[in-house]
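Same chain, two partners: chain A is paired with chain B first, then with chain C.
Showing the complex of A and B:
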């Protein structure tokens, strides 16, 4: 099982922090969290992957799904603090240019 | 708290066991009625205060289903099932307070659990993935017909946890969709294998020869299990439809883009995506064209022993509607070998960051395609895969070498 930290900052940006392994079961939960945020008007979301040790294709799917719905609602989804091991998953699938990794959560929406 | 039984734990067995637990993807506490009805019935039948199906996951023991108590998880060291898992056989403790292994546990000292019976639940290859448990607040026995009934219910719980008949039938159907025999033409040798982590999986591969050209495709649908298998069957059929065009020389970027367009609506509805590696190899001269849709998992070892990664900048199918794909080319010289595989294999190697080094080494060591696939299969046996593992090997011998 995996824990999710969910936090909406003063500037309206939602920060979701999955802690542990993001696999098929936990990706389902992540997808729900992301759609709830967008449905409730938080369309700018940072997923902080600093506490995520493992990410499989279902995890990727949840992030891509979240990205699509955030953009449709006029916002964006960005990922931050990606470990080198998890980064290889984005690089292999060439999704690193759709979901560009940011150094820090704070600065994820600075550009 | 450590106990003397902890020394029973073999780190290799424990690592395999842990991976097996992770591959099962069991639903959270109380969510699965299939387990709930077993623990409910057991509480009534055995007249005990508590029952559970327990899974040891890392340092935690958690309960996919439990009756008579309201806790979702406990530290592994505080659980009764720690011992039953390590022993790997039925454990009946008639008085926990009189047993060295259990008398220190908080629940025993509180008087809440004075009787414990645990039966290990194993997956198809024997890993202990869970324990079926009875607990009572007073010492008691479990003998004769009741003991037999406990074993029966454990077998039932095991089946619910690990598999069902319908799924194993689906697995046979899926396996029958794969090519049934290798290609052996001239100096060429092509063979593949697909080992789903669950009964059915989201990986698929296909190959054949048309017009003197080998066509080969390996796809991986997001996720695993039945949903991924259904999407995979559709993708496989769409890709098959391009074989005659591809082997006649049509650009693989064009056919891949057509396939992606035709799958897009289905993939968006299913909220899924597919990675694909597809190649066409001319048997006469080894001229090879390929397209890569976010797979990135193809290696060629040249006759000189150099490892080349065949990848691209193109994304998987189902990500962006306006994406398109492009063809790349190279030549497989006599003595060259190629391995196309799914990311499940990356889980099984020690250094997934520089995976092409150990996998390139496996390719150099193998005498032929079958030997390479055998070493991939050995890795999956040694380290229980978390995801489907699929691989197709292409070997071109030196001319005149049998």
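Showing the complex of A and C:
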């Protein structure tokens, strides 16, 4: 099973940490969490993939869906701490070309 | 190699050599250029038929007869989707109950695009899932069945999806006999035949497609290009989702480039109209132009697109806020146009990366007020930016470019490097149209969809496909062009018999010695690959439905290149009341048959009067007789009164392998 850490920092940035396998089963939960955050006013979100052991295209779909909601609300969604194994999934769909992974969660919104 | 495949290959080589020998000779030596107006169409039609035959041969070369797959591993998760729009509740429920009874563990879902409370109640009463469009779709392009499936994909989570039309009743072993193929990790899709139970032995409407759901798909399978036919297929979710995300990325990239280019044109034209009394506006426009140039350079350098557009939006937003006070009045006039821009992708044909350059050009060259221009830039980038504002879902796995989503989707899956399989076992029993009108609508829809894909995403130029895969997809599209050839095959003998004009130099021994062997071997190839399946109906309909094929071509052309509507119709699944022979539906064919028959009479008169060459006339009369034999099926179809089970007691029970 997957756990999702959800934390809103003092600077208003939401940090979501999927711990475990982010696949077709858990993707929907992630999408819901992201939508709820945006609906409650947290439009700047970092998804910390450092604890994510596995990711599939449904997981990518949930990230893209979250990005869409965040941008429509005037914010943004960033991803951080992507392992090489998870990165290959981004590369298969070329998503790495448009969505840049950040080194750290803290600095994800520095630029 | 099996002996059967060896035999097929020998005949394929023979057919190709004899066919090329005939057509090359026709081009080089025997075209009657004096009568070019019929000679050229005829040689083109013959060349068309030769290419059709060569492509068919290419498929048969790798005919792949897969046996039963190994039993599936336990524990796979499967969602069974039954797509419905307006079919009667009881018909859907019959399918749904059979789906629920499929042996391998799974969940069954009714995808009710009609959002009918009674459908929902019926589903829930029997413990079946019911899905309708989510709130995200309100006011968005719906994309018909593709949209219905895309919606369901995001609300379910099985690793595999079995897709069924509302009238396709699955057998209990359907999953046990298909899931095994997926032990190959790169297998994306397994298609099984579409077989219909409400069709009499002589199949007057040509409903069964024994050659397609059999050798043709098996040949494509040999080249890893067996394709999805919309129902009776199992799909790996990961392949679809991967396709959805990668398409999303591709369309965003194209869309943003176009948006920036258009934005630059808009600003430049606004700048030209600017009076010298507005220096602060000029500075603002220059600043935005600068930002556009910067964004384009960053993208060219490979900076991540979402970063570029985020910064761009933020900077343009800041510049705009400074300007707002200065020119509110002039802005009003532009607001309507801007709203139109924001709605640009509400039209399914104008979405994102697929939007026509011309539309953007028109927008760009309008006379904008300065502030209007700035607003436009924002609207443009919003419409085409990462939020994909004009679509219900950011990720649309099932292709939406065509009224037949299946083939386009499958081609894209192949281009990503996935495999597919065709499993030649009837695992679902369906209902075919029982009247000519419905059948014609259905065939038109398939043909339009296929031709649409040919125009929009021509397989011959798709990256990621092998040469053979490109040809296999192209071959299906090519076969729908037969309507034009049919016209020529009707006209040529009529012209000879009535006017005595021969498109060929001479009906000499040279001619027959080249043509006859080719025709014989070609039929032999059909006979051998068919292996007892009936292929004659299919051959008849490929010419007899010439008005349908021509209409599909012209309407799809109008739709893709001229932005016209296809007049798309959902194939009705319910039986229509018989109202006597439907002659009005086949008027072009009746006219053609009348003209052919009349030509024979004229030909006989001319022969008797000594005005006509006798062997030439006889040859053309045989040709006419063949045409009439082909067209005779359409008379049968018009007189068909629907399926009567009582009469059909002699029809055999459904086969397990392919269609008969």
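The rule is short, and it goes like this: the second predicted complex is superposed on the first by the 111 of 111 C-alpha atoms of A that agree within 3 Å, B and C clash if a C-alpha of one lies under 4 Å from a C-alpha of the other, contacts with A are read in each partner's own complex, and residues count from 1 in each chain.
The criterion applied here is as follows: contacts are C-beta pairs under 8 Å (C-beta built on N, C-alpha and C of every residue); 3 or more make two chains touch, one makes a residue touch a chain.
Since this is a predicted model, take the numbers as computed values, not measurements.
Peer 1: Have a look at chain B and chain C on chain A after the superposition and call it: clash or fit.
Peer 2: Aligned through their shared chain, the two binders clash on chain A.
Peer 1: Pick one for A:72: touches chain B only (first), chain C only (second), both, or neither.
Peer 2: Only chain C; A:72 stays clear of chain B.
Peer 1: Just to be sure I read the superposition right, which of the two partners does A:84 touch: chain B = first, chain C = second, or both, or neither?
Peer 2: In the superposition, A:84 touches chain B alone.
Peer 1: Which partner chains sit in contact with A:60 here, chain B, chain C, both or neither? Use first/second/both/neither.
Peer 2: Both chain B and chain C are touched by A:60.
Peer 1: After superposition on the shared chain, which partner residues are touched by A:21: those of chain B (first), chain C (second), both, or neither?
Peer 2: First partner only, chain B.
Peer 1: Going by the contact rule set out at the top, does A:50 touch chain B (first), chain C (second), both, or neither?
Peer 2: neither
Peer 1: Looking at the overlay, what does A:100 touch: chain B (first), chain C (second), both, or neither?
Peer 2: second
Peer 1: So which bits of chain A does chain B touch that chain C touches too?
Peer 2: In the superposed arrangement, which is not itself an observed complex, chain A uses residues 24-25, 27, 31, 56-58, 60-61, 64-65, 92-95, 97-98 for both chain B and chain C.
Peer 1: Spell out the residues on chain C that touch chain A in their complex, using ranges where they run on.
Peer 2: 154-155, 157-159, 237-238, 241-242, 244-246, 248-250, 252-253, 302, 304-307, 310, 385-389, 393-395
Peer 1: Sort out for me which residues of chain B touch chain A in the complex.
Peer 2: For chain B paired with chain A, touching residues are 22, 25-28, 57, 62, 73, 220-225, 271-273, 275, 294-297, 311-316, 319-320, 343, 352-353, 386-387.
Peer 1: Which positions of chain A touch chain B when the two form their complex?
Peer 2: Touching chain B: residues 1, 21, 23-25, 27, 31, 56-58, 60-61, 64-65, 84-85, 88-89, 91-95, 97-98 of chain A.
Peer 1: Give the list of chain A residues in touch with chain C in this complex.
Peer 2: Those in contact with chain C are residues 24-25, 27-28, 31, 56-58, 60-61, 64-65, 67-68, 71-72, 76, 92-95, 97-100, 111.
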